[in-house]
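Shared chain: subunit A. Partners: subunit B in the first complex, subunit C in the second.
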Partner chain A sequence: MAFAAAAASSGGPAFFSSAGAAPMAADIGPAAATVVPKSVGIKEHRFEPYDFNGGTVLAIGGKDFVVVAVDTRLSEDYHILTRDVNRSVVLSPHCVLATGGCHTDVTTLHKVIDMRVKDYKHDHEVDIETHSVAQMLGNTLYGRRFFPYYAFNVLSGLDAEGKGAVYTYDAVGSFERVPYACQGAGQRLIIPYLDNVVGFKSRTDKPEGDLTPEAAVNIAKDAFITAAERQIRVGDSIRIFTIARGVAMKEARFAIRED
Partner chain B sequence: MAAAAMAPKLSASSSTAKELTTHPIVTGSSVLAVKFAGGVMMASDTLASYGSMARFPDVQRLRQVSDGVIIGASGEMSDFDFAMRLLDELRVESECAEDGAELDAGEVHHYLTRVMYNRRNKFNPLWNQLVVAGTKDGKPVLGVVDQIGTAFEADFTATGFGKHMAVPQMREHWRADMTEGEARELLEGCMRVLFYRDCRTINRMQIAKVTATGSVVSPAYSLDTEWSLKSFKKEASPEDGSW
Partner chain C sequence: MYENNSGYDRGVSTFSPEGRIFQVEYAMKAIELGSCVVGVTTREGIVLGVEKRITSSLMEKDSVEKVVEIDSHVAAASSGLTADARTLIEHARVECQNHRFTFDEPLRIESLAQSICDLMMSFGEGGEENKSKMSRPFGVSVLLAGWDHRRGAPALFCCDPSGTYVGYKAHAIGNGADTARSTLEESWSETLTLAEAEKEVAVILRRTMEESVSADNVEIIRVTPTGGYAPVSEEELKALLEHAEAAAAAVAP
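Showing the complex of A and B:
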């Protein structure tokens, strides 16, 4: 197997050479071995097990559906590691978990939850109910109470009656069921918008009829477009899951700004 | 750890405490990798630094795990050796089954992710950024994992200083249908800029490629350089001089 030459190639392999250089001193002596370079000091590299890799998750529950949206930008400091990361996991035909935070914890947590959900299915031969996943996720997070998963979860699905269910968590397992939720890097920009448009908080008018899945998807898109304008960790694209009663789960992609 | 044994004792470590790799000592700089039509190509220099000293100029930082998988490593070189030993043990055990099954790049990447995460949880990390390249079902695979287990796949990637200096060039020039020659041109262009700007690099590099038919790591070679460029010249005025 050989390499194709680069268009502006350097003329192929040539070995490192010290030809023509002055001869080296025979021996520097043992004292040299004890010198520690300054840059190796402990201060410069303290081990940090956590990182914040961005990630924003949004979910809107309806009468017989739930819409989940999660962004795909993986960032670290001011770097974009990839524009196409997956921070969601489909746990059953009616349940999705999406998570922001420290990506190493996010991937591990998703593997653990997915494994436990599969175990449940093998044991009981039915898909686990969303409220059961919700409790199990809370317990799993609390299991790491003293070395937490730095992961901010929104669990969404249909409940036993087919209604949209959204559960929101903190990193150590506290959770509650809510009508809509947002977590992660863009949370502070998106929540006020959802309070206004979905929750109708502090408004004198009332919503005209029930929210539809299509309207919820549009709200999710608007929320992410808006957050991407002001929060550098939000961008690239979002994954949108629509889970509705009597219909197979749908997954769609929507591009948002890339800068 | 080999690294801890090699380093002189630091005042912070007590004689009873377990020695951990809490900071890297002998380190490699950037690894670059891009997918091209039919495979993945990787590049790195052959330097292992000791702090700011260019200590070991002939260290292979691109290595073959098997015919179809190659790994490039930034960070602590002794931890890289250790990770390669784990993979070798895995390969030998798998060969004993004589079923013809081999780990593909996706599986190697996944395995390393779990190793890195578990070591992080023990506060005893393998201090590396590893780039795994290979193919899966005929399609190129390019995965990255770091010392805390952050893992992802990408079309092109760079570690270390390359994150600052090579990624912008890759974003501008990378295409999914690049030929092998174009991929090499891109990587060599990035390596040249890194040699100009990264203080932990030498002009001695290797490239490696993986396609569905196998992998190869090149012998080490040097790039042509051009130091008469205007921005390298130190002008009299501090305003418009070289930085």
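Showing the complex of A and C:
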């Protein structure tokens, strides 16, 4: 109101800032009329709904197990907000979703998916199968095609046959079942490593026998230790889930460098 | 039923002093007038047999469709007002496709029965806010026969006008259902094969139908875990009906 009154009655101040009314052109003198002091410059206010809070997710599928690892550092620019954040949600006795990206989107997405999984159980009286969660998560993300969740998901679990299943997503719901996956801040450092030691890409010395859960856990630890050396958003510790056929899901913590 | 319902049968939103909704009970009666539907589960799959009422030689037989495919793993057959059944069938088909879209899997038969029953009991004196409501109960019972992929077992459910569903090992609705049910109680066993069940369905339809059975007025379909919804071919149907005639002749010489 004060602005309107002043502007109307006296052709009043042209700008306001936290310092008060800007001096009028007459006060500065004709020569300075076009110069606007920096402290009272026009500030463009933009809607910035997204932030990247780090988060790296890794999953390795095996014959009858899947190992999921996700880091616990929550960062914003050069700050560490906490060293102990949870980026994962256990959806059923055989299914875990872990997500990197904008943490407020991550928590909301996890709540939505968890709710829909519980609804499914009430409606159909059975635990939802992993591939059904995969489809439902894809649809949920696509439902926000034009204002997406800034969230990078890796969904892991056992499939209907008890085999390890890993699904990897983009932010708008395109997904694919893969043998192993990594998403988030450390993705570019970890994927080549997994290609080498899990996928045996371009190698001729692929060993006989299947990957064991223990070996997969060690690969996951090595991957995060390596990524933490070079990527400032990766560090502090990781949560490791082991989901194996016929055994209860296990969750473990493993410390990595904190600087 | 009661000689004097004292006007309590005029509306669907008022209980009688005995605690009944008469319109629902009358709807149940409408089903007994409908043509016979028989469903039998076996470990190998599930069989659904129906009587088709061909009331005139001028009727196109194929235009009478009594058993329908809801989804590749479920069949439905109804007894009662066919027009009402079409609404329910349309609803059931949409539910199945929605579930596949959302969860990438077939809808369980019990969930489908629940969703049909939700629609069946949404009748009433709908006000301004609910124009699509049925003003009366649906005049049909629906028998759903399908394969439950989560249990790895057949599933047979019956939805009635009160909005209740019940699961069965074997069941019959419509005209002659009482006779059919008592026969099924005797003949059903855990070890029944699909072929035996098909024969049993043919025998029961032969017994309950007023008309003499033929490939024109009987339809039999099967749902198996691998083949899904599959109507029995005309040759197979003729063989089953011949078997039914032979069985009847053997019992009553």
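Observations on the structure shown:
To be clear about the criterion, the second predicted complex is superposed on the first by the 213 of 259 C-alpha atoms of A that agree within 3 Å, B and C clash if a C-alpha of one lies under 4 Å from a C-alpha of the other, contacts with A are read in each partner's own complex, and residues count from 1 in each chain.
Quick note on the criterion: a contact is a pair of C-beta atoms (placed from the backbone, for glycine too) under 8 Å apart; a residue touches a chain by one contact, two chains touch by 3 or more.
Computed from a prediction, not measured in an experiment: that's the story for all the values here.
Once the two complexes are overlaid on the shared chain, A:Val126 sits against subunit C while remaining clear of subunit B.
In the superposition on chain A, A:Gln135 makes contact with subunit C only, while subunit B stays out of contact range.
Judged by the touch definition given at the top, the superposed model places A:Asp51 against subunit B, while subunit C stays out of reach. In the overlay built on the shared chain, the residue A:Leu81 is in contact with subunit B alone; subunit C does not reach it. Once chain A of one complex is fitted onto chain A of the other, the partner contacts of A:Tyr169 are absent, as it touches neither subunit B nor subunit C.
In the superposed pair of complexes, A:Phe147 makes contact with subunit B only, with no contact to subunit C.
Measured by the number of subunit A residues touched, the leading partner among subunit B and subunit C is B. Comparing the two complexes, no residue of subunit A contacts subunit B in one case and subunit C in the other.
Residues 101-105, 108, 110-111, 114, 150 of subunit C touch subunit A in their complex.
On the side of subunit B, the complex with subunit A involves touching residues 7-8, 10, 12, 22-25, 46, 50-53, 57-58, 113, 116-117, 120-121, 123, 125, 144, 148-154, 157, 163, 167, 179-182, 184-185, 188-189, 202, 204, 207, 209, 213-216, 218-224. Every residue of subunit A that touches subunit C in the complex is listed here, in rising order: 120, 123-126, 128-129, 131-132, 134-136, 139.
Looking at the complex, you find that subunit A touches subunit B at residues 1-16, 33-34, 36-40, 42, 44-51, 53, 74, 76, 79, 81-82, 84-85, 102-104, 107-108, 147.
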